[in-house]
Each structure stands twice: as structure tokens, then as C-alpha cells.
Amino acid sequence: MKNISQSLTNPLIVLVGVVFSLSSSAQTRESGPWWPNAQWGAEDQAGASNRITEEKVIEALRLVTLGKIYELGQIYEQGMPLYGTRTYSMVLPAKGPAAGDNRIVSNEEFLSAQIGQVGTQFDGLGHVGQEVMMDDSSTEYVFYNGFTAGEMDTPSGLQKLGIEHVKPIITRGVLIDVATYKGVPRLPNSYEVTVEDVLGALERQGMSAADVRPGDAVLFRYGWSSLWDQPDAYNLNAPGIGLAVARWVIERQVTMIGSDTYTTEVDPNPESRLVFPVHQELMMKNGIFNLENMQFDELVADGADEFLFIVTPIRFKGATGSPVRPIAIR
Amino acid sequence: MKNISQSLTNPLIVLVGVVFSLSSSAQTRESGPWWPNAQWGAEDQAGASNRITEEKVIEALRLVTLGKIYELGQIYEQGMPLYGTRTYSMVLPAKGPAAGDNRIVSNEEFLSAQIGQVGTQFDGLGHVGQEVMMDDSSTEYVFYNGFTAGEMDTPSGLQKLGIEHVKPIITRGVLIDVATYKGVPRLPNSYEVTVEDVLGALERQGMSAADVRPGDAVLFRYGWSSLWDQPDAYNLNAPGIGLAVARWVIERQVTMIGSDTYTTEVDPNPESRLVFPVHQELMMKNGIFNLENMQFDELVADGADEFLFIVTPIRFKGATGSPVRPIAIR
Amino acid sequence: MKNISQSLTNPLIVLVGVVFSLSSSAQTRESGPWWPNAQWGAEDQAGASNRITEEKVIEALRLVTLGKIYELGQIYEQGMPLYGTRTYSMVLPAKGPAAGDNRIVSNEEFLSAQIGQVGTQFDGLGHVGQEVMMDDSSTEYVFYNGFTAGEMDTPSGLQKLGIEHVKPIITRGVLIDVATYKGVPRLPNSYEVTVEDVLGALERQGMSAADVRPGDAVLFRYGWSSLWDQPDAYNLNAPGIGLAVARWVIERQVTMIGSDTYTTEVDPNPESRLVFPVHQELMMKNGIFNLENMQFDELVADGADEFLFIVTPIRFKGATGSPVRPIAIR
Amino acid sequence: MKNISQSLTNPLIVLVGVVFSLSSSAQTRESGPWWPNAQWGAEDQAGASNRITEEKVIEALRLVTLGKIYELGQIYEQGMPLYGTRTYSMVLPAKGPAAGDNRIVSNEEFLSAQIGQVGTQFDGLGHVGQEVMMDDSSTEYVFYNGFTAGEMDTPSGLQKLGIEHVKPIITRGVLIDVATYKGVPRLPNSYEVTVEDVLGALERQGMSAADVRPGDAVLFRYGWSSLWDQPDAYNLNAPGIGLAVARWVIERQVTMIGSDTYTTEVDPNPESRLVFPVHQELMMKNGIFNLENMQFDELVADGADEFLFIVTPIRFKGATGSPVRPIAIR
């Protein structure tokens, strides 16, 4: 009897070439379906942050003429939208007694959270993988560069692909304002942004596909951050890119993408048998990072779409992601 | 009967002019001993990060010629040195089942910690204050710009002086390598770095006091990070600057200081009646930030002492500090 | 000018004798308004759990004839009703590798919560206090037996009145089924249970006031636990006892009360200037404990209203309360 | 080539009959090596707590003549011994403002911990399992009654064998004071308590094997709790029972065992290829619970060895264990 999974997924492979059959013939750490394509070696854990070369840093810094800094993230606080059953809880402990003749007193906070997956969050390469059938008929959870859950998981964090391996992102940033291109303040629920939309938005900004260059950070504006103060609405059926645009950004050899939704990709995927496939396509197969829950209000107010982009994921050893404070400078 | 505290602290006032008597005559939100000097207005919560002007950003970016990035922080992990009874605990939850034809699986971490006061930590202005006697003879805990605990504290964080008010630090960085100047790999326990040491170290580097400019980040290297893997030794009796050097950096109008110890200032203070007085002097009275638990190995290897310095505290609303990933770029 | 607070609260003092004016004349640790009445000494931290004498234990055990155990609590889980901004988050970390020839593997959970104030919660004596004007015109937060926040608070827990001081509750339990007496499955929102209701409910059960004895646990059934799976409805405007019934249970010299709501007392109080006054009346002034978020389904099904009652607060040092698993045995 | 694991473990099977080969022929949920022996049905999740029948409860209650309560647990606090990298962190948040004319103020604590595996801890049936080779040559992690990790694990807790399924333990308790029998205040490091020791200790107490009855809680005193305030010494090389005594208690059909060490069983096991095999033998294969980190000071002072024993694990849904407050009553 034919493998059901295979029969379902094969047409998808024909269509977009991105989904693997569970029965592919050569699934090992050394010869899986995608990691031979990894350009940075079999042991690489930095993914597309390797594209931030010294030349790229210089290119990016040279974009700055004003010295003006733009905040591109949200503030982290209890009550902000949290995906699924995630938690964000911070308390301020009581102060101890004043000490010394200088009567010093001090505060510190205590925070509990899925720290790399709350608020403005930088997804690392240990966040998303795929269940794959291996040569010996067992199944394994496989992540970027062929690292498996068996190699990665410990109770206290990831031994491989932890966020600490990602290099600081100091690069050229390009904002692609899809919402404005489409003439709406906010894209509709579950709208899939097409390659045509992307090219149209670039054209409106006086740019073209050639203006998205290797190593760049590409930021998609859907207008969704206006829902940030409505957590239930925010975390439901967001618009976003699908596999077609994912392929396009992969071809552009960018370092990362980002957006003003909780997933960057359209939710749910129009192909209902697929669950967040863009995450796999970008991160697992190509090492390209994804920064979620951004906001672009200040950039839009200034009509800015090309800038020095800075984001420095905190090096929590073995974490799947990081809270960050992304900024643009012009 | 004379106030004991007053009689004890007055000599200190004479000596260094930085410690307030508990019986000072005019302690209110509007007319306390230090906040009238605040240059950024009575409601300011950003402190010396206000010194990062557009011009300062441009000045800093222009320092870069190579595009080479240096990590200046430590990796956060269980077992790293933690001060006092602080906690850093991260776990990796079990994965849920694979979903969709694309068999996606995902990880996320759960972290509990005094998040802004562990590891490489950027102290915000709500971290340290002073117990002060107010006009009505009550005592209050007073922080930067005269904000009081009564105004600031809630169970879930600070309402004033939270770390979210600090502006991104994109500035000129200067490393002052005191250990190398003193000819030791690591300064001795509880050694107080003097102004002469600072000037001597600058001279060794071909610089002078004039090379520490308004808005700069001044980083002191004591050689202490070599103890990072020995938590008990690391967190005990660190060398560091005292009140004299604190006054010197205040005069230089810097944005922040930093170092490779858990406190940046000498511990304990040679004046045994004072407990971490440099923290109060810099942060509470002058809004100057302090970044602890850094490391400068790569900078030293390259002989680098002037660079673009970037640190972006995470905007955890109402937190006293932030984990950060400080970098230098040359 | 007359103290506003005094003029407002005096009528209440006349009515029920339970609310103190902020301007009372003799507020100190030794001579406050209520603690001289504490029967267990000035240093007592166990409150009414002192009423569980050996004789009381024997009396309670003798009630058992069947050996049948009843669960009186709720199960703790993410998604249960949480009051205010409290958090309950549990994750199951990934397993480490199997060890030894016996291939042992193990699990452990990680939980973050306001542990003593979530789910079925036993309120300790450090939970609720009152801001009081002291002799020197300063204000203090005062708790059971006159302990003050100044004496109690540390960043890592209470130094006085922590839950660890409460003795195990092994006593006679009496269920007072107010809902059934009132002929409703669930009392209406914000209904204040009166002394008449309590006496009527006892009479319906063939009991009288004399059947509530010193040392007992008195459990009020309002029918509210049927809303447990509707967190928003559950935590809003619950019915419950007011100050009149509070006085009645204090006179009965019970050890604790409990109920199937989040507060046991009517919310809001019909006297709108008072916020949860029953909590103060019982715990702060009389050392009588309060166990919230119980359920009595099995007891009601069996028509049981008198039983051995067992609840053993976990001795988390310095905590304000405890999760518990209260049971009845008949 | 012969399976190494098989060749190593077979002699053990001969010796004690408790360790399974990884290549056993019939490993499925329905026909594994041990679960057919489970007396409480294929879906049972309560294990030996099923032995707490109504008759057993009555038997236990009848032991009480004095009404005297004994604490058998430790207090939970930061700094207590924690096994491995576990965490126990509690903070007391700042109070909010006083509310109402009654000026109510309140405290609550925030706790983060491996809640069921810290301090005096009641191990549930989801805590320990075994990696087993299944019929299809895959390996699975198998727990009590054949439940597998695949069936049990979710990111937010166990779907099977969570601690909430354990019935309240109200039973007869027997203390076996091995340390006193051996004439030492504390058994030596890594001493394996033998069946002869157990029988000798019982004889010294005027009891025999027949005095350990079905449904009992059997508590072993090793004298180890005197090290509780020395965490490093406490958590290293504890004495305890081995597989021989484990078999003996299984034959006695008890509900649970307990002790004054972190594991109850000898550490390390004298058979160096085995890692905590008593945990598997008792819990995984026989559903018998294990309560660790107890103390018996008061019982010993009174020469008490038979009593009503009460422990009520908190019903944290999906947890592997629970903090508890075990008590004895005579």
C-alpha cells in the first residue's frame, strides 16, 4: 500500500519543491535532503548570519547619513499578545534593607517566560524542524544542517543550534511596505502576500528585486502591529508571505526576514495540509532567520525603506530564540 | 543629640562630595540634593542615554574602517557566576507532536531569572537608590531624578525608570586597559583603580583624558573575566574604580561605563562604611549606566581601544536592567 | 479638620466593630488595636491553627466510620481561573539520555507561579494586612499579631508569618450548604450571605450554631465551583459572606473557613468603601485561615456535612499561602 | 554479534529478576514485560495508591490514641539541597497600594522550581521509566503500566501518569530505623541496606516482617537528614536500600516507601552498571511510590514506629511529583 503521506506530499513537491516526503530514500545526517546545500559546512550553526561579512557591515554602515535611530520592536509586558499557551510574567521583589552610610537600596526583577518566543522575538535555528523518516525506518526530528533532536535536546537547553551561535546582525535593512502598496492600513486576515505584491511594493518604493541583496534583512510590513493592543485579534489568522515569497527571499540570499505579525508567514497556509511551512523552508532548510512582532511606525512616518539594521540576539545558551531590540539607523 | 548618620557621613562629604546626610534639609521630589542637576528635565527617565545624539551616532559610525565585529559579553548559562541569591534557570520543554504534511515540530525554552541582573547585565536607573529623610521626617527610597519607591514600585515592575526608557546605545567606545597598564593579567582582589591608573592606562594607549568624550561608553578592563568559570572566586572582592574615578567619568559626561567584573566598582569600598557607592554616584545622581560582566579578549588580542560600541537593552517594561549582547565594531 | 477616613469608618465600627480608623491613638507593635487580643502570645505565628489540640484531633478522627475519602480541591492546570495578573505556568522539560544497563530515563516538571495564591489556595497570615498610622505619625503595613512589613519583608520571602508556621489542619469539618438552603444551584453574583442564611442552612442540615465548635473548619458552599471552567465568569462578583458572618465564625472560635469561590467573602463588599474586609477581619485580626477555590461535589452527592477534615499547607518558607489538597473523610 | 546490553543484563535477571533486556521479545503497550502484572487494569494511573481502601483508612485511623501530630518533612527554602541542576527560587513581590477605607494591603509570592522534584518530594509514576526496544525494533521510553513517552509527553506536562491521579495517602505508617539498629547516628556513604538489616531493625522495634502490611507506608530512617544543612554532603553517595529490599517491600504489597535521603535507594548502586534501579523496580514496574528528603527527628524522640501516616500530593496536572507535607499521628 502506498504511503499516504507520500501520496499527499508529492504534488506539493511538484508545485513548490519545498516539502519532503517522509519516505525519501537517503535521510541521514550526512546525506539528507537539504543539508548538502548548506554553504557553511556540515558543522555550521550560524546559518545565514554568516552572510554578515566585514564587507556587508561596511556597506550597511555607509547607508547612515542622519544618525537617526528608529525602534522596530515592541515593549515586553504582561498582557501583550502571547502565542498559544506561552507565559510572560515579571514581578518586582520587595527591597532589602538600606545598607551602609550611603543607605543604598536596590531593586531587581524576576521574570519567567518562554524567553525567546515571546514579544518581539528572533527565531533561532533550533526553533523549528521536521519529522523525517531515516534510512533505518525510524523517524527523527531534523533541524537546520541535519542536526537531530537526538543530538540537540537536553532538559536544560539545546546542545546544538542554540541562539548563542547566531552572529550579531549588522546589515542592510530593506522595508517592503506591502500594506501601503495594497492601499490598506492592514492586510486582511490570512491574506497570502504574493511575489507580485512584493515586486509591486518595491516598485512603489522606487526599488526592484535587485535592491534586495545578499546578506540583507528584509522586513515585511503588513500593518498588523495596529492590533498589538488586542491580543486575541492579533494572534489569529495573520496575513503574510507563503512559500512562493519564501523561495524568492531564499534566492535573494538574505540573512533574515521580519514582519509585524506573530509568524511573518500567512496563517493558516492556503494549502491546508501544511502547518507553518515557511518557517521550515527558511530556517530549517536555508538557515534564514525570522524576526516576529516588529513594528514600523516610525520608519513609515519618515518614508524610510533602506537603512542600517541592527539586531543582536541575546546569547542564552541553548535557547531557541531571543528577545531583541531591533533598530534601524539612517 | 547629633544624628549619628550625619556625623559619620559629613567627613565623606568633605572628602568626595558624594554622600548625602540623611538629615539634609530640603529633600523633596522637586528639591532634593541631586536631581536639580539633572540636565534632561524633571520627568526624564532616559538619563545619560540622552547623550546619544544624532551627531554622536555619526561620530561613532565613522570610526569603523574594517567592518570587524567583536563580542564584548559572556554567554548566559546555568552555572555562570550569579550575585547573591539570584537564579538563572532555563529548561527545554518536550516537543509537541509533528503537525501537517510538512511534519513540523518546534521547540521553545522556558527561562526564570532575575533577568536584568544576571550575566552580562546592563543596570538601569531603577536598580539602585538611596534611603533619604524627607522634609516631613519620613524616610523614602529615592532614585534617579528624584523618583521615589512610592511612585515607582508595583508588584509587577517599576512604573518609573524601567529599562524600556533607556535609548539604544550607539556610541563611541573607549577601552581603558588598566590590567595591562599595571602589568598584571588580573588586578588584585579589592584593588581600587585610581585616577592616576586611568590616566596612565590611557597614556600607554597613546590617549589622554581628552580622548574620553561626552556621550562615550568607557569600558574598564581589569582582567577579571578570566575568573568567569570560577563563580565563587569571580563574585568575591573584585577590583574596580572608586568614587574618585566615578567623579572623573561624570566630569567627562559619558553615557555609560562598563567592565569585566560583577560591579565595575571596587568591592568592598575602601571606606568600609560605604556599600557600592559608585553605583549611586553614577546611576542615581548622574544617570550614567553601568554594564557588568563583560569580557574584552578579542579587543585586547587586536590591540583595539576605540570603536563603534553598540548595546541595546531589551525593553522589558518596568525592569531594573537587561541582559544584553554588547559589541564593538572597528 | 476631621480625618475623612475616621468619619467614614466610624459608622462601620458601630455596626460591626471591625474596621479601624487610621487615626487610632495607640498603634504600636505592643499595643495596636487588635493584637492584645491574640490568645497565643505576642510572638505567635500559627494563629488559629493553635486550636488543633490533641483533643481536637481525636474528636475529629472519631467522626470517621466509613473510611471514605472526598477530594475538596480543584486540579491545578494552565487555563484555570487566576485572580488578577497571577501566573501559573508548567512545562515538561525534554528527557536526558537513558542511563545505565537498566536504561533509566526520568522526567521532572518546571513550574512558575504565585504558588500560594493560585488554584485551591490556603491563605496564610502574611497574605493580607492593613496600612495603619503608627504613634509617630508614620504609616506602616501591619499584619496578624502586629507584625509589620518592615519586620516581615525580604526580597526572597517573609521573615515572619510565613506559611511554614501554620500547623497541619487535622480537625472536624462542617459543610454549610448555603446554595441548597437558598434553593439555587448557585448563589447570585455579589450576594452577601447573612447570618440568617447560615443558621437556616444549618437548620436544614439538622444542625445549629452549637454544631460549629472551636477548632472546626467551616466550609461554605455557594455552588460557585460550577463556573470553574469559565475563568472570566468565575473570578467576577462572587457571592460570599460579609462582615456579619465573619464575626459569627470568629465567635465560634473556628480554625479556618473555606468556600468554593476565589475569595470566600462577597465581592465587592456591599459597603463600597471596603475592599475585602473579611480577609482582614479573619486573618489579620483573628488568625483564622481562609481556603479558597474548593469544590464540594462529592460531599453534596453523599449528603455529607460533618467529617474529618485534612489540609496540610506546604511549608514553603516565607510564603503567603500554599497550594493544598484538602480532603474530607467519613 | 551478540547484543552487548543483553549479555550484560542477563546475569542480573538471574540474580534479582528485575532488569529487562532491551531485546526482550514482546514489548508492546499490551504485552510488555511487567504491566500484565499490574493489578489495577491496563488504564490504571493511580498505582499502589489503589491499596488505600476504605478498610485500610479505618485500620490506620484506629492507630491513633494521643492525637499527637509529627512533622515528617523538611521546610522548602532557597539554599536547601537540590539534586543535579534543579532550581528553587522564591521572591516576594512589592506590595501594591493600600485599598479601600480598610486600607487593605496584600502579599503574594512568586516561585519557580522543578516543583515536584525539590525538597521533600513525592515521586509520581511519570517520574522514572526505561528505554525499551519495542517489537518493531524501535526504542521507546516506557513508564508504569506500559504508558510510553509518546503517549505521555506534551510541552506543558504529562498527559498520562500525572501526579493528579495519585489518591490521597491515608494509611498505616511504619518507621524502620536502620541507623539505630546499626548503632550509628548515620549510615555510611553508599551503604546498601540489606534485608537482614530491615528484619533486624524490625526485631529491635519488637516487630517482624508480618508487621509490614499491604497498603502500608514504609519509612526507612538512615540518619541522613542530619546533613540537610550541608547540601553538598547531603546529595552525595547516600546510603539506602538496594534491589533486594525493593523486592521485599514489593512482596509486602505496600503503597509507598520513604526515607531521609534524596533517593531512598543506595547511591551509587553496588552493581555499577545500574543507575537508580530501585526507582524503576518500585515505581515503574509496581506502582509503588517513593517519598524522599523526609526527617524523623520527632518520631525517634518519642520512640514511635507505627502511626497514622498522611501525605496528600498536590494535584498539579501532568506533574511528575509533588512537594508535600507528610505527617504522622499517634
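Brief remarks follow.
Per-chain numbering from 1; labels A, B, C and D assigned in written order.
Rule of thumb we're sticking to: a residue touches a chain if its C-beta (ideal position, glycine included) is under 8 Å from a C-beta of that chain, and two chains touch if they have at least 3 such contacts.
Predicted model, so just to flag it, every value in this text is computed and none were measured.
By number of C-beta pairs in contact, A-B leads when A-B and B-C are compared. Ranked by how far their CA centres sit from the centre of chain A, the chains are topped by C.
We define each chain's centre as the mean of its Cα atoms; on that basis chain B and chain D are separated by 47 Å. Each chain gets one centre point, the mean of its Cα atoms, and the points for chain A and chain B are 31 Å apart. Chain B and chain C, compared by their mean Cα positions, are separated by 44 Å. Residue positions of chain B touching 2 or more other chains: 78, 85, 87, 89, 91-95, 108, 110, 112, 153-156.
Chain C contributes residues 78-79, 85, 87, 89, 93-96, 108, 112, 153-156 to its touches with chain A in the complex.
Within the complex, the chain C residues that touch chain B are 85, 89, 91-95, 110, 112, 138, 156.
Chain D contributes residues 5, 8-9, 12, 19, 22, 52-58, 61, 64, 66-69, 71, 73-78, 86-87, 90-92, 95, 98-117, 126-132, 141, 149, 153-158, 164, 167-168, 170, 273-277, 279-280, 308, 310, 312-321, 323-325, 327, 329 to its touches with chain C in the complex.
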